[in-house]
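You will see two complexes here that share chain A, one where it goes with chain B and one where it goes with chain C.
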Partner chain A sequence: MIAVELVKLVRRPRTWVSIVLLCALPAMVAIFLAVTKIGPAPGKEPAFLSAVLANGSLLPAAALALVLPLFLPVAVAVMAGDSIAGEASSGMLRYLLMRPVGRTRLLLAKLVALLVFMVAAVVAVAVSSYILGRALFPAQPGAAAAVSVSGSPLTTTQLVLRICAAVGYVAVSMLAVGAIGLFLSTLTDSSLGAALGALAALVASEVLVTLDAAGAVRTYLPTRYWFAWLDFFRDPILWRDIDRGLAIQAVYTAVFLALAWANFATKDITS
Partner chain B sequence: MLCLAPALLAARPAPGARADPARLRAQILASASRPYTGYAESQGLLGLPDLPELRDVVGLLGGATRIRAWYASPTSWRVALVDLTGERDTYQTPHGVYLWDFERNQTLHVVGDVSVRPPWAPDAVPPDLARRLLRGATPKDRVQAIGSRRVAGVAAAGLRVTSADPDTTLGHVDVWADPSTGLPVEVEIAGRGSGDPVFTTRFLDLRQQRPDPKVLTPAGPGRTVDTQLAVGLALDRVAPVTLPSTLAGRRLTATPSPGIGVYGDGWSRFVVLAVRGRIGSQFLRAAQSAGAAPLDLGNGQAVQLGASVLSALIVRTDGDRTSRRTYLAAGFVSPERLRQVGTDLLASGR
Partner chain C sequence: MIVTTALTKRYGRVLAVDGVELAVREGDRYGLIGPNGAGKTTLLRLILGLVYATSGEITVLGQPVPARLRTVLPQVGALVEGPSSYGHLSARANLSLLDAAGPGGARRTRPARIATALERVGLARIDERPVKAYSLGMRQRLGLAAALLRAPRLLVLDEPTNGLDPQGIREIRDILRELNESGTTVFLSSHLLAEVEQLCTRVGVMEQGRLVIQEELAVLQAATGRVIVHTPDAARAVALLDGRVESSVDGRLLVRHPDPAELNALLVGEGLRVTEIGPERRSLEETVLAVTSAGSDRVDSAPTAPAASPAAVPPEPAEPAAVPAVPAEPAVPAEPAAPAVVEDP
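== the complex of A and B ==
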């Protein structure tokens, strides 16, 4: 079942279009940056963009900062929202479950396909940005491959390990979006409705994170620690927010996957 | 229950960590040799207007700040201001102060005295802020014990210092410290007549151990410039004039550089800067556009800014572009006292 879902994922043009679009945004920004040499002023987001002018190896980090707030969650929410509701809206879900396939197995297969999409999308953004960054921008002068956010030199191995860690963290950060989208996808036959629901939850979270008055609940919001991947590039690495980010994603994922399973395993399939 | 676990753990009552306030105060003042490594967050509610050259100060006193600190001794420490776009590090070494700014890819070596300067991130680290405030308290100020708190895993004893000086806008300062070592872990500053803190800083993670010497070595590449930067305000923007020996009845107690003076002592002391013409005009315009109240002090121009407990005043003497002077005065001092400062500055005609 998992193999079937993965094959479907690979064969769908939408998968590739999403990934290409995700890679296109940082590429477009990199080209503008390379041509104009105008980076953001200090204190202005996205992170790492001004540093890219001095060292193209940091473009993957800047690319993650570019796609993380909006484009990546939109892509994941669309994929998650479509996973069950898409089958239902096309009338395939009933026929799918008539085969000797358990609902739990089907949900698990959809989840694995979603995870593979998340990881593939983030890795594609990082790899394409790295290649483009090396091509368009100068390398770090001296023996170091890059300079950490704290100013210490990083070897090539250290830089690659930290980029890999950031890629992994960003992929994990999308778990809550995916789980919420998957849960909503079991509630409705409209994949668009499920995707929009997941996005609404995210937008609400992002608004509350910036609101001082919501300080009491900020720590528990799914987007609160999204940008903690930046802490991999500090020296020493600041693990505090990374640990909390991983924990909060685990809690949201566990709760919403449990809800998705409970709902999908017991609902009447009519379409 | 899973979601509530962190809040429940944080809210569990601290064991009765009470200490004699006078003894605790002495312990805190003697804690400068205690090494530590920690992560702290500060929150300021002073709401300053966006003044040119002082944007870092505005951010520090009027918003949330995330700070990492590695402290080995008074001459060897590092404080990193971390945010979503980079990091700014301050290194105190036996050879001077180094400032690293990731976004500018620049290291600055600060030459000269940095004791009088606008507030910077290291000031917001609880131990430094607590010692600074307690040193500034006078014998007349009342010191009393307050309830203990659990801060960064430390069952901290608390003390409150209530100001007896009618000229300061600070009402009281609460400090919580480890009763066994005297290391302050949380500070709250409240204005006069209000119980709500206007500035808080506390450790969220703390290890009372000597940091790895490697993290205390300035590592930033880029330009290394020997500069006489009085952090955040370059000295070449200060007009090197002689300031009056007394303002509003307060004696000049320190002149770290010509054109910069510290008047009075205790929490009500204030700083006066003579600013060069163009920068002075920028200050004045920024203050006016931020809604600063114009003052009629007889001659010249004057505006007063009140941001919670912080009072600031900008005065400009009459005259042409070459002869007129702009002064900036600020401190945790009553607006009435600061108006008198403005009157005296304009009367001095310097």
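== the complex of A and C ==
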């Protein structure tokens, strides 16, 4: 069933459209930057963009910072929300279950397909922007490959490793959204409803994170440590927030996957 | 093949299936009839493990459902509430994905099995167009092909001829009959009485979640114990059969008599001319309407009428040959109002 889900993922045009769109936003930003040479002031949002002018190898990091707050979670929420609800609304859910595919197994296959999509999307963004960055912003000869946020130089190897780590972290950060979307997807037959529900949870979390009055719960919100991957570019790497971010994602994922399973395994399929 | 005991499914306050005692036997072509909303589809979903029962038990192919769905379902082909497919993929791709999704069935034999199933439903020359470009009839055939993909022992079909033209309906009927003759039990639901009458050997009638009739079709269509006689000598015949003639209209007599042959001999022996003679039979439609048209109130069947009593489901096969030539008691009572006891709530 997992193989079938992956085939379906690959053969569905939407998968490719959403990945291309994800890559298009950073590419667009990079082209504007390359043409006008007007970068944001150093230290201003979006992160890393000012440094890109000096070193194209940093474009992947800047690209992640660009797609992370909205584009990426939207794509993941849409995929997750569609996973069970989409099958239900197309009427295929009943035929899969009568095939028979065990309910737990189906949920697991959907989860694996979702994970593959998340990783593929983030990697595609990183790779495409790395290539584009190298092409548009030639590194100055003789200069250090890049400078860490802390000010010390980084070699190209170090940089690539850290970008890889950041890619991994960003992919993991999408787990909570994915799990919430998957859970909502088992509740309703409307994939749109499930996707919007997951996004609503996300927006609520992003709003509360910025709110000082919500300080008591802030640490436990799924988006609280989303940008902790920036710490990979410190020298030495600052692990504290990264660890907490990973832990929070793990907890949210476990809870919502358990809920999704409990609901789906006992649900009457009337679609 | 399928046995349910006191099967009940409640959706909130709605009782969708109410104490159903279904018995589909091996080799049956069983037709489940009932108006829309009578609970036919819910019953099918319960049997296929899509919906869980509120109470009661289900046994399919000798195994309890839903506990043993994993061993039961690979031997069952099903079409529930219309065919479905991934619209952006071709028919073959759809069948291939569906086949790969579940257990059993070697990958090696997959293309051959898909070809056989497509051929069986008349889609052998299907091209690579995506399914969303298909007509309703083609999708219905594709749905049936998906059900046949694994040569099932039991076919559970919900309105299998939906969306087909008369020719297609006939074709599907022939396919189902063929499959049944080669050993597949067919259990289908329909709201078209004529379809069931032409195809099925056994009939169940659902009404507001209850199975109000479950009987051999031949029994339901059995003679009523009356004989229809057409004769130009109506007046003499009435005099001869004094008291046994129930009606006489334009030379058509309705005579209470167990045996048309004997009656014919009697009439002819007396020198009466007979143009037409035969036993009176009820159509399935009359039978069904008699139980289901009694309004929206509760309809209970008379305890004396075995055909109409859900409690009297015969677990052992009643041979079609057992259709009484001389019914001691009409299988279906003559007066529609008589067998159906309408209870005031």
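One rule holds for everything that comes next: the second predicted complex is superposed on the first by the 266 of 271 C-alpha atoms of A that agree within 3 Å, B and C clash if a C-alpha of one lies under 4 Å from a C-alpha of the other, contacts with A are read in each partner's own complex, and residues count from 1 in each chain.
In this section, a residue touches a chain if its C-beta (ideal position, glycine included) is under 8 Å from a C-beta of that chain, and two chains touch if they have at least 3 such contacts.
Remember, predicted model here, so these are calculated numbers, not experimental data.
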Joint occupancy of chain A by chain B and chain C, clash or fit: fit
Chain B versus chain C as contact partner of A:44, first or second or both or neither: first
Partner chain(s) touched by A:219 [first = chain B, second = chain C, both, neither]: first
Touching partner for A:13 - first (chain B), second (chain C), both, neither: second
When both partners are placed on the shared chain, which of chain B and chain C touches more of chain A: B
Touching partner for A:268 - first (chain B), second (chain C), both, neither: second
Touching partner for A:152 - first (chain B), second (chain C), both, neither: first
Chain B versus chain C as contact partner of A:94, first or second or both or neither: second
Chain B versus chain C - smallest C-alpha distance in the overlay, whole Å: 33
Touching both chain C and chain B, counted on chain A across the two superposed complexes: none
Residues of chain B that touch chain A when the two form their complex: 2-3, 6, 39, 64, 68, 80, 82-87, 89, 100-105, 107, 204-205, 215, 218-221
Interfacial residue positions of chain C with respect to chain A in the complex: 11, 45, 48-52, 69-70, 73-74, 76, 78, 80-89, 93, 97-98, 100-103, 146
Contact footprint of chain C on chain A as seen in their complex: 1, 3-4, 7-8, 11-13, 90-92, 94-102, 266, 268-270
Complex interface listing, chain A residues touching chain B: 40, 42-47, 50-51, 54, 142, 144, 147, 149-153, 212, 219-220, 227, 230-231, 234-236, 238, 240, 251
